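Two complexes are shown next, each including chain A; its partner changes from chain B in the first to chain C in the second.
The block that comes next holds the complex of A and B.
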């Protein structure tokens, strides 16, 4: 696709040929990106497309490996969030950057208390006054001396935006840039309208980079769009005249390669039902729902963040406790809210945060692999060293784990190899159902293919799987059946046999 | 009505509501239990005097808890400062006799110890728990080495007389504690340093990202804590009129209990000097009341342990913690 550089003024921020690599993955490749004065720019891309790495480069948390950043035509380096804000770039992220125990005004003016000092001490009155003025520009009527933890997400967002603006003003930035990462996911309709009203006003003196999965609101409010896919530029285009369907096509990409997910190996399950959820529900997270899995069946849960699929998996894995319904695994109903009971019943969970939740990083490859099968490796009640080593060797070979020895610590291995170790831990145990939470997140293409191979192989061997993937293509490619969730409900169940896979475009319509 | 509403709001916001209620409650219990003896003028004087030095030490420790750390070096620092006092003030073993200069000297010794602890913690990136635990033994060892476990009678009784005197109806030692509390609370409320303590306690990584000079603020907090231990040590030694390295013993447990009872969250970011003072006051009322009611001394020790655990249970919202270490 061609990069259009027609209309508009001199860009405020220009990023040329940006590349960023992490161990084992290249996150961004040769990205060209620009922000023009007084615009709202929509930054779009699926999960893992590189949006968050891009924004982290813009606020100086990551340094690019290649390329150049220009501010108002001058080459520059952004050394960190504090430096970025001095140069007029600030971000408001989903995880929030307000200190919950400090008051609104203390958060606003953190590290700039000196501006409010009178006779050597902080003048609370001056602080309150300035904070109230800022809140008024955000149309926010709150007590600025209350701790931030008291306020709803909508107010917190406004406070953060106000802080970025105030700081940019203090440092004399001409046309500050504020990055808003999924600001509307935590807002109700009224709050969302207010946010856009304020953004349209603020646009007169700044630029906004707006990230959202809700394409309709992006189209309605942005002036220009920039689409990323798999760490590459797709295109940048004016928003006017675009339809949601056009953007969907850009997001998903046109090419649809034949056997990327080893679809030809797809196994059509014909065995018994091994897993069922019946009327499973968790108030505020997902409404009661039911589905079942045959031995070796792969079901993919698709839906946006907040659709309830994450909580559903947490309830099945026992890390959350459901309110209604039951989980059933091959004749057993594990006690709810107990990961231990779930594992004993044969439910495995490969978490998205593999470094934190999936592995004991400081322990060896062997210890991690054998963790669940130690009982099998015993002789006369004690763990038998030789059996342990044999078992580990067998699975290192089976899963093609690249490690210097089975005694190496997992912390030194690449993401792909770590993921293979987690998989082998579960696959070698008597797991009946495996939940794969973003199994290929952050690993390179070769390792992805290895993961697909293992998924296919063990699906044939009869292990049922529940998957949630980074992209819809991956979900569609791997699954036998797709359960589509939206607004905490199952909206559709689609068949995904190799010969008639649903198209990503169909799915996006159901999800959004 | 408006006035009542705003004063209720003030109490809620002040962060000492629970402490004031607990104080009222145990005062009432002991008032009834001792048939009024606990609230005589002279007993109130006793309670306040019992509060003063623990309060100063507790304010020191609380500085380090507010930033999300802990300081276990208290006993070592106090022992060292006590030994300095015993060596440098007029006594029959040494000939230094620095007179009232001992006041800045002890504070400086405490401060230097705190500075050393703070730098070790921040520059070598060793957890405060381990740094201060180790430092406590190092300093205590130095103190015992200098002092050889002698008990040194002080021949200069000017400070002793001053802290016992009560020109305003309350012993000066109590006024010193009140002054220290006010001073530290003021630092916390009205200076950037004070506000940054809370930012670090709230979320250290985030505070750093937002531009707080985390290492400097933390080092300063440990230094200030050390200065306060110096003041506490000087008061402990001169009140008794004799100095020994043993002055540092058995201080850590009651001090941390006072901090926690005062409502300073061990997770950091919550509670100020006034909380530490109130914590010390509550413990003084409790222990004084148990003595008046002739509770078995061993039972008193156990009660203090229970109080510590209950106080933590009340201050932490434990549901939010994923796991307990």
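The block that comes next holds the complex of A and C.
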């Protein structure tokens, strides 16, 4: 796909042919990216498209494997967050990086208190003065000596932006660049308007890279858009004149290769209901809701971050405790808030954080695969080595895990193979319902197809699945049924039989 | 691709070696070197008497260290083993006079119960085991003093019970055989039982284990109960050898048991290592201790060497890739 470029002012930051690979997956391929002075640039892409890797390269957390970074026309390297800020690039991230117990001004000048040294001691008065000046430029009327935890999310973001600006100013960076990663998700409408008002004003002396899933606000407030998909450039275009639908098409991509998610293998469930949630609710996370699954049925939960789908899955898996309602698996109601009860009842969970939550990394492929079936591998009350080895070999073959031996530690395998090990661990157990939390995140295309194959095969064998995917296409392609969540509620349940799959555009309307 | 930047010098050296060497191989190598040096330096070193001394004292250390290893495998540490040994050593001497053979199971039960308390403080009250066992260790040591403020000797009429353990079979002290039995029992438990396997899973990734339905509370408590039980066995053995109890006798075993585990190549971060590592770790320390005495190294200086061995052992086994910032 060609990249349109409109010639205008000399870009502040230019990234040429950027590539970044992680073990087993290439995250970015040949990306050309530029930020011009005094603009708000919208960086768009679905989860996994490479936005976060891009931002991490920009603030020096990752080094690109290929390509060149130019600042004001000079080739440069960004060696780390400190180096990046010295060169005028800083980020404000969703999690927030303020220390809640310190005051506003202490946060603003953290690690730079030396700049306020007068006669060998740090002058508190000078700090207060400077902090007030900064807050005034952000149109923020707050007491800078109060701890940060007192203030609303909007104010905290302003403080973070102010810190980045101040640091850039201290280091004498011309036209600093601030990356805002989904700043509006934690804001209410009024706060959002204020944020954009201030951003419009701030862009007179800086550039802003704005990342958001809310396409409407991106269109309204950005000057230019840069769209990424699966680690590739899609396009960069001026925002003026674009419609939300145009952007959606760019994000989702137009090429629907016929059988990418093995839709022809899709099995229409006709068995008994094996799983039900009834009036399941968790205050502040999701409103009471109900749905049921037949044996072998695949339901996809779709919705933005904050829609409540993540918490819903956590409640089903027992890692969180729900307030109301029940979970029912084939005649059993597992005690709430207990993964042990959930697993015993037949609920499995393939987590998104596979290294942190899915694997015993320093243990072998065999040990990880056999975790849940050790009972079956016993002879006369003792775990039998030969049975262990046989079971592991059987599942390495079933899931096509590429490993030198079954005794190799999982830490050395690629993400795709690690994911196959986690899948085989659950699929070989007596699981009845399997939650698949972003099962293909961060794995390459070949491994993705393998995961799809396993999902199809075991759905046919009768395992019901609840999936949450990285892209809407994947959700739609895999599911029999889609439960759409928005603002903590189920807004619609769509049928997704192979012959009439919902279109991503339909879904996006429901989600947002 | 292997990321070696956070690994620390010790592990980097191991990663560079052509053969897949593990820390325990280094321990075995050091045992051979040290053994050879000591044998050449002093002719009595290889005498049957001295070898029995090394092995029987090695066995005592190994029993505490095996218990300690279970706790370290689940990612904890047990600083209360010293207190338990001291307490049991005085309790055993007193009980033997009162209840005879029942003293054995009662002492063992007391050790296991102390372990259970440690486990519950960790899992239910949710206090890190380092702090929890530091506290209970202090309390149990106090209990030992309350039972008997100074060392006590057994009355000669009870000597029969002590000779049961102090005796020799085929020229080897009984403590050696108790060590072998403990080694085999715990080894089989770790290798063949589901609980044994769960201890590794928990140590390797506790969050994964929890999410996969493993009973974290039960398995962690079992690890501490084994540690308490092992400490109690050692308390009984020490009383039997000395024909008396002493409320401070266990203190050095805290450091020594951790050292034996670590020097054998079990990582303090949990989830890797095993009983063979502890066997060689304990053997090496026993050899070192004996050798330094045979050669005549100052008692005060020996502590320093032991401390250095722990630092060295951790340097070689500790996986720094998980924790770039060391607290």
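Following the convention adopted for this analysis, the second predicted complex is superposed on the first by the 506 of 512 C-alpha atoms of A that agree within 3 Å, B and C clash if a C-alpha of one lies under 4 Å from a C-alpha of the other, contacts with A are read in each partner's own complex, and residues count from 1 in each chain.
In the analysis below, a contact is a pair of C-beta atoms (placed from the backbone, for glycine too) under 8 Å apart; a residue touches a chain by one contact, two chains touch by 3 or more.
Computed from a predicted model, the values in this text were never measured in an experiment.
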item: Superposed model, chain A: greater residue contact from chain B or chain C; value: C
item: Which of chain B and chain C A:99 touches, first, second, both or neither; value: first
item: First (chain B), second (chain C), both or neither touched by A:111; value: first
item: First, second, both or neither for A:362, with chain B first and chain C second; value: second
item: Which of chain B and chain C A:412 touches, first, second, both or neither; value: second
item: Contacts of A:390 with chain B and chain C, given as first, second, both or neither; value: neither
item: Chain C-contacting residues of chain A that also contact chain B; value: none
item: Contact set on chain C toward chain A in their complex; value: 1-2, 188, 191-194, 197, 200-201, 204-205, 207-215, 271-272, 319
item: Touching residues (chain side chain A, partner chain C) in the complex; value: 23, 317, 319, 339-340, 342-344, 349, 351, 356-363, 367, 371-372, 374-375, 381-383, 412, 425
item: Chain A residues touching chain B - in the complex, by the definition given at the top; value: 80-82, 97, 99-102, 106, 110-111, 113-114, 117, 121-122, 124, 145
item: Chain A contact footprint on chain B (complex, rising order); value: 13, 186, 189-192, 195-196, 198-199, 201-203, 206-207, 209-212, 269-270
